[in-house]
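Below: a set of structures, written as structure tokens.
You will see chain A twice below: alongside chain B first, and alongside chain C after that.
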Partner chain A sequence: MASIDLKMAWRNVWRNPRRTMLTICAIAFACLLLVFMLSWQFGSYETMINSAVKIHTGHLQIQAEGYRDKNDIRLVVDDPAAIGRRLEALPRVDTYTFRADAFSLVSSKERTYGVLVIGIDPEREARTSTLSRSLQEGRYLEAGDADEALVGKLLAKNLRIVPGDELVLLGQGRDGSVAATVVRVKGIYASGQDDYDRSTIQIPLPYFQEVYAMGGSVHEVVVLGRTLKDVPVIKEAISEGLKSEDPESGLVVLDWMELMPGLVEAIQIDLYSGFIFYFLLIVVVAFSILNTFLMAILERKKEFGVIMAMGTTPGRLVRLLLLESSAMTLVGIFIGTLAGILVTWYYQVHGFHISGAADVLRQFGLPERIHPRLSAASILIGPAAVLIITGLTALYPALRVRRLRPVEAIAKG
Partner chain B sequence: MNIVECVNVTKTYRQGKMEVRALGGVSLRIKKGGFVALAGPSGSGKTTLLNIIGGLDAADSGSVIVEGNVLDNMSQTELAQLRLRKIGFVFQSYNLIPVLSALENVEFVMLLQGVPTKERLDRARTILDDVGLEGLYDRRPAELSGGQQQRVAVARAIVSDPAIVLADEPTANLDSKTGRELLEMMGEMNEQKSVTFIFSTHDKMVMDHARRLVLIRDGLLADDQDRDP
Partner chain C sequence: MYLRLGWRNIWRNPRRTTVILIAIIIGVWSMIFLGALMRGMTDQMIRNGIATLTGHIQIHQRDYRNDPAVENSIEDPAPIEAALDERLPTGAHWSARIRVTATAANARYAGGVTLVGVDPQMEARVSFIGKAIKEGRYLREDDPFGIVVGRALAEKFETGLGKKLVLMTQDTEKNIASRAFRIVGIYRAEMEATEKQFVFVTLPAAREMLKLEKGISEISILLPGHEMVAATLASLRDAPPLSGCDVESWRNLLPLMRAYLEIYDSFIFLWYLVVFIAMAFGIVNTTLMAIFERIREFGLFKSLGMKPWWIIKEVMAESFFLLLLGILIGNILSFLSVFLLMNHGIDLTRFAAGSEFFGISRVIYPSVYGRDVLLANLVVFILGLVVSLYPALKAARFKPVEALAHV
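Let's turn to the complex of A and B:
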């Protein structure tokens, strides 16, 4: 029954091969671009998040409530070891470490700057962040080290120091006392985040606790999950554990989104600007389709007149035309999506080199090589949008045929 | 029994301020099985009358009845359904769907009527054989001569046993020999299958084939004669 309809639609699609090819190419190109771009965006976000997380934030942090906003040295995690034991019991936790922070003045022979002094556990830190791997000069801290420090690259430049030089730290201890000491520069690191490299120095945690009168307490327990997807589960588990043990603990669990609102914002802006571009792309394609079908229908008025004279109802004629437009758009969408998957898959395996990346992205430590990532969402969203919009566009010329009267159509020749 | 009945049909075309009276009150009865020529000079209203009888166009006043169906107030969809079941058309040219073969063009009407595939194929082949096109089933219209195209059009018009076939100057684009052969074939179909044919023409040779000749002049019936071809 439908076979002649289908044959007819398919042959009509190819009556003007060049116009049809152009339209199919436009649709296919849009689908290809959408699949690639969305896979690219989703893939690069994951890369961005994963590398940003590993510079220092971690997937999650356990802190005293209010510490993130006030950075008050007195808001501490009293018993980090207990939390460590809890984390050991969670299979999705990959690794964790402890840190303590204090704002202090740091002076070299020539200059003085206000910086964030961070106390780290050298061994745990090496497993949790990229710090140990981002040393540019000197050496990383070791377990027995005390009055030694790692300094951010830009800060070292500002202070005009090299490994082996001495620095004076002057701050305030947890108990309000003056915290002052002299440390020797052991290494200089470049994390890739300029802000961080301009304003931080790292000293061993036990030494920090001594200088700043912290006792056994820390400010942050930094947690890495096995994958990004584990984050909500781990967060839930830790929160529950903390609450059930001691509802008054005053500790909170923050995930990377709460720790790096700037990154979340950058991703959102990128996503929105992407969607605006995609929308415009689809609108352009829709106009090309509109043009194709309006032309085709104007050219074939006489033919429609004959078909209607034979007794085809207007509704049936509309269906025939929609069959034609669907055949055409489906071919385009199929080819484009397939090509999009292949192209994206190639770059997913081999990576895509970007040298001129935007500053916003580099600020979050984006690596130079990015791998787009195919997913059901990145494959389907674009082509589905193209399908819907082109479908709606094809409706207009097809419905215009309803207004055609057979006698007028036949009279025009 | 009258298969077509027109009562006082009028039609005036308006183009801006210009008014052209195409039909000025035509009354006409046509019997089942007739082979009727509607003759008159160009511009006399032949096409207008055929279109109104076929439900392609509406009369301004008057009434048209085709095999008991009053066309006057039908909707576009009702008219389409009536055309599908009762009326076959043959136009001067461009009758066929260009992307379909001769066989598929004939099948298309039966497809619309919901005839099962097997029966559709059989009937389409038989009718194409009847109009002298055996072996040309799979040719596209562009691969057929003008006369062959008109034969396909006639085959398509009569394949579903309509009440009437309306042919508007079917031979106008053919040379006289091909035109005569087409008319002879139409005459055979009229006799064998007792299909009623109404065709318009201004060609003396075509008029000679008719068994009834209705003359129109300036939108009015001028003469009506039965004749022996």
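Let's turn to the complex of A and C:
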């Protein structure tokens, strides 16, 4: 019986091919758009997260409690080497590095600016962040370097310096003493994020520790996992290790979401507002096609009257009608999703250029050409929502059939 | 007559008409209402940008924007100020400032800030600071060591009213100048980043610290309305005392903001198109159904001598009423929703860090732009009529004999 129902439904769908095609097109349009948009959004979130992680924060950081809010130079990680050994024992950790920061006055011959001086381990840093690759002029730091510095591009412009020039650093050491030194500019970097490029310089960590009286301590241990998905596992492993070794260590493990709450919430805002738009779009589509479902029933009252008079139960009739509408919906969803995948895939390979938006995108760590990225979620969420909402739409006319009285239906036709 | 025929015809099947009307209404509502929310967001971005010291127009020394250092000050602002008083429209306000990057430090912390030296009265009329003091008091004319800082900065530095804050910066002689101030007021701003960035002192205090005689870094002008920017800009650029200066509108001073606005413009238009396409399928389908049901009727008309052109007009009259009704109700609902949100807005405080990241306000109020409403309505109305041509042509081409034979 089921196969007869199926066959009947399929044939009924094509009794009015023009109407069916228009309905399928409406559904397909919504699916195509949703697959593309969601792949676009998810793709750019991933790029935003990755570039923020690669430029500044890493996936995780181990810091003294309170350092993130206060940036107090005295809140340090005393024994970074011990934490390094612990990290090396974790298979999911890809790489890690140490950093120390201090706010200082930096003067060139002509200009003075207040900047964040960051001490880095050149070799480890190169593996952890994009710093070494974002060099625009000069050369990157090497292991043996001491009084040399890398300077952000906009800061270099403000200080009017080029590689080879000298800079005077003046700040306060960890012990409250005056920290002062002269460094030579070795290279100039451009992360693309203006704030960062305007306010940071990087010097070798051992030299930093000497100038700022840090001893062997650092402020941040920056960890990169193999993938974003490894972050919670690594976080738990490190936290427990720290706790079991010394519950009073005063160290905390922060993941990228805690390090960049703004980015996480910005993604939520973007996602939720996107959902509002998509929902309304699907509702408009649903009402657009509701008439098809409705007409398919009202037109055929007489026919239904006849088959009911011949013994078809109302339940079977409802099932038959739902089969018809779901056949239409499914064909539309299938075509739309397929087309969506193809279109998205094309842009995934070739990139999508938004003209005039390069400057804005750069501030979010996004390249000028955006590559949407297909994923199970981006392919399935949109069409699933379409299926549910159009399914609910089809329910109303189908259920109305139950009220049909065969005799009246045949008589009125 | 077509109109009356069309109007009666759409109500021959009220349920079907209602369904397609709902599609149009929701579509129009989503266009206008969501458009108003997006505009509200960008409006507030602009308002914040302008209030956060930019103003509508700024005047700088020619090299200042490229190299914002104390040497690139306007050395003698007096003739410029005289020209401003003469040329600015009534209701406009201006404020001359010294603005340099500096390091703020207390016993425990140090950090980068922007030191802004202002005339307290004039500044209060131009930027946000006049209404932003939440603790203590605002600067006074005679306040050589008073400083006003943002709440986020005060928290970060673990400091408060009456405490000392030392500012260091480079003076005109290229030496490092430092001066100890006492916090007299704490302000709140829309963005935490603003609270951390700007500290305000009086002009004389800043001049003394920087060893400037009369010089200033910038003049910021607030006009009574956005629409006056272009004319004022042109008038100021013509003024002889300003000939050596860089006079710019906020659009060029905030290039990122301008890029944002352009992105939103295209996004709003795309959204209109997408929603329209979604409802267009329904409009075409419904009208097609309506004419195929009446295929005999059209055959009869034709055999009675009705020209195909008249049939087209009749079918188009039906779409005309559908679209008109949908647009009308959609607009009414949109304005109602905007009206309901006018007072309270949409509160994004839960996502405060996220809205800060985007540079938008914590509460979004809808803002209706006439041209958006017009565009939305035109898209629906004109494109709606265009797609209805298809069923109309279909109806006009029915052959009388076949149509009459149709069951």
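Following the convention adopted for this analysis, the second predicted complex is superposed on the first by the 335 of 413 C-alpha atoms of A that agree within 3 Å, B and C clash if a C-alpha of one lies under 4 Å from a C-alpha of the other, contacts with A are read in each partner's own complex, and residues count from 1 in each chain.
The working rule: a contact is a pair of C-beta atoms (placed from the backbone, for glycine too) under 8 Å apart; a residue touches a chain by one contact, two chains touch by 3 or more.
The structure displayed is predicted, hence computed values, not measured ones.
K.L.:
So in the superposed three-chain picture, is A:163 touching just chain B, just chain C, both, or none of them (first/second/both/neither)?
P.N.:
In the superposition, A:163 contacts neither chain B nor chain C.
K.L.:
Just checking: does A:264 make contact with chain B only, chain C only, both, or neither of them? Give me first, second, both or neither.
P.N.:
It touches chain C, and chain B stays clear.
K.L.:
Could you look at A:303 and tell me whether it touches chain B, chain C, both or neither (first, second, both, neither)?
P.N.:
Touch status of A:303: first partner only.
K.L.:
After superposing on the shared chain, does chain C or chain B touch more chain A residues?
P.N.:
After superposition, C is the partner touching more of chain A.
K.L.:
Between chain B (first) and chain C (second), which does A:22 come into contact with in this model arrangement: first, second, both, or neither?
P.N.:
In the superposition, A:22 contacts chain C only.
K.L.:
Could you tell me if A:12 is touching chain B, chain C, both of them or neither one (first, second, both, neither)?
P.N.:
A:12: touches chain B, not chain C.
K.L.:
First (chain B), second (chain C), both or neither: which does A:316 touch?
P.N.:
In the superposition, A:316 touches chain B alone.
K.L.:
Which holds for A:58: it touches chain B only (first), chain C only (second), both, or neither?
P.N.:
Touch partners of A:58: none, neither chain B nor chain C.
K.L.:
Quick one: is A:204 in contact with chain B, with chain C, with both, or with neither? Answer first, second, both or neither.
P.N.:
In the superposed model, A:204 contacts neither chain B nor chain C.
K.L.:
In the complex, go through chain C and note every residue touching chain A.
P.N.:
Chain C residues touching chain A: 15-16, 19-20, 22-23, 26-27, 30, 34, 67-69, 101-103, 105, 108-113, 156, 158, 168-170, 174, 176, 255-256, 259-260, 262-263, 271, 274-275, 277-279, 281-286, 288-289, 293, 348, 351-358.
K.L.:
Which bits of chain B are touching chain A when the two form their complex?
P.N.:
51, 54, 56-57, 76-77, 80-85, 87, 89, 91, 93-100, 104, 107-109, 111-112, 114, 117, 156
K.L.:
State the interface residues of chain A toward chain C in the complex, per the touch definition above.
P.N.:
18-19, 22-23, 25-26, 29-30, 33, 69-72, 103-105, 107, 110-116, 157-158, 160, 170-172, 199, 261-269, 276-277, 280-281, 283-285, 287-292, 294-295, 299, 354, 356-357, 359-360, 363
K.L.:
Could you list, by residue number, the parts of chain A that touch chain B in their complex?
P.N.:
Touching chain B from chain A are residues 1, 3-5, 7-8, 11-12, 15, 302-303, 306-316, 405-407, 410, 413.
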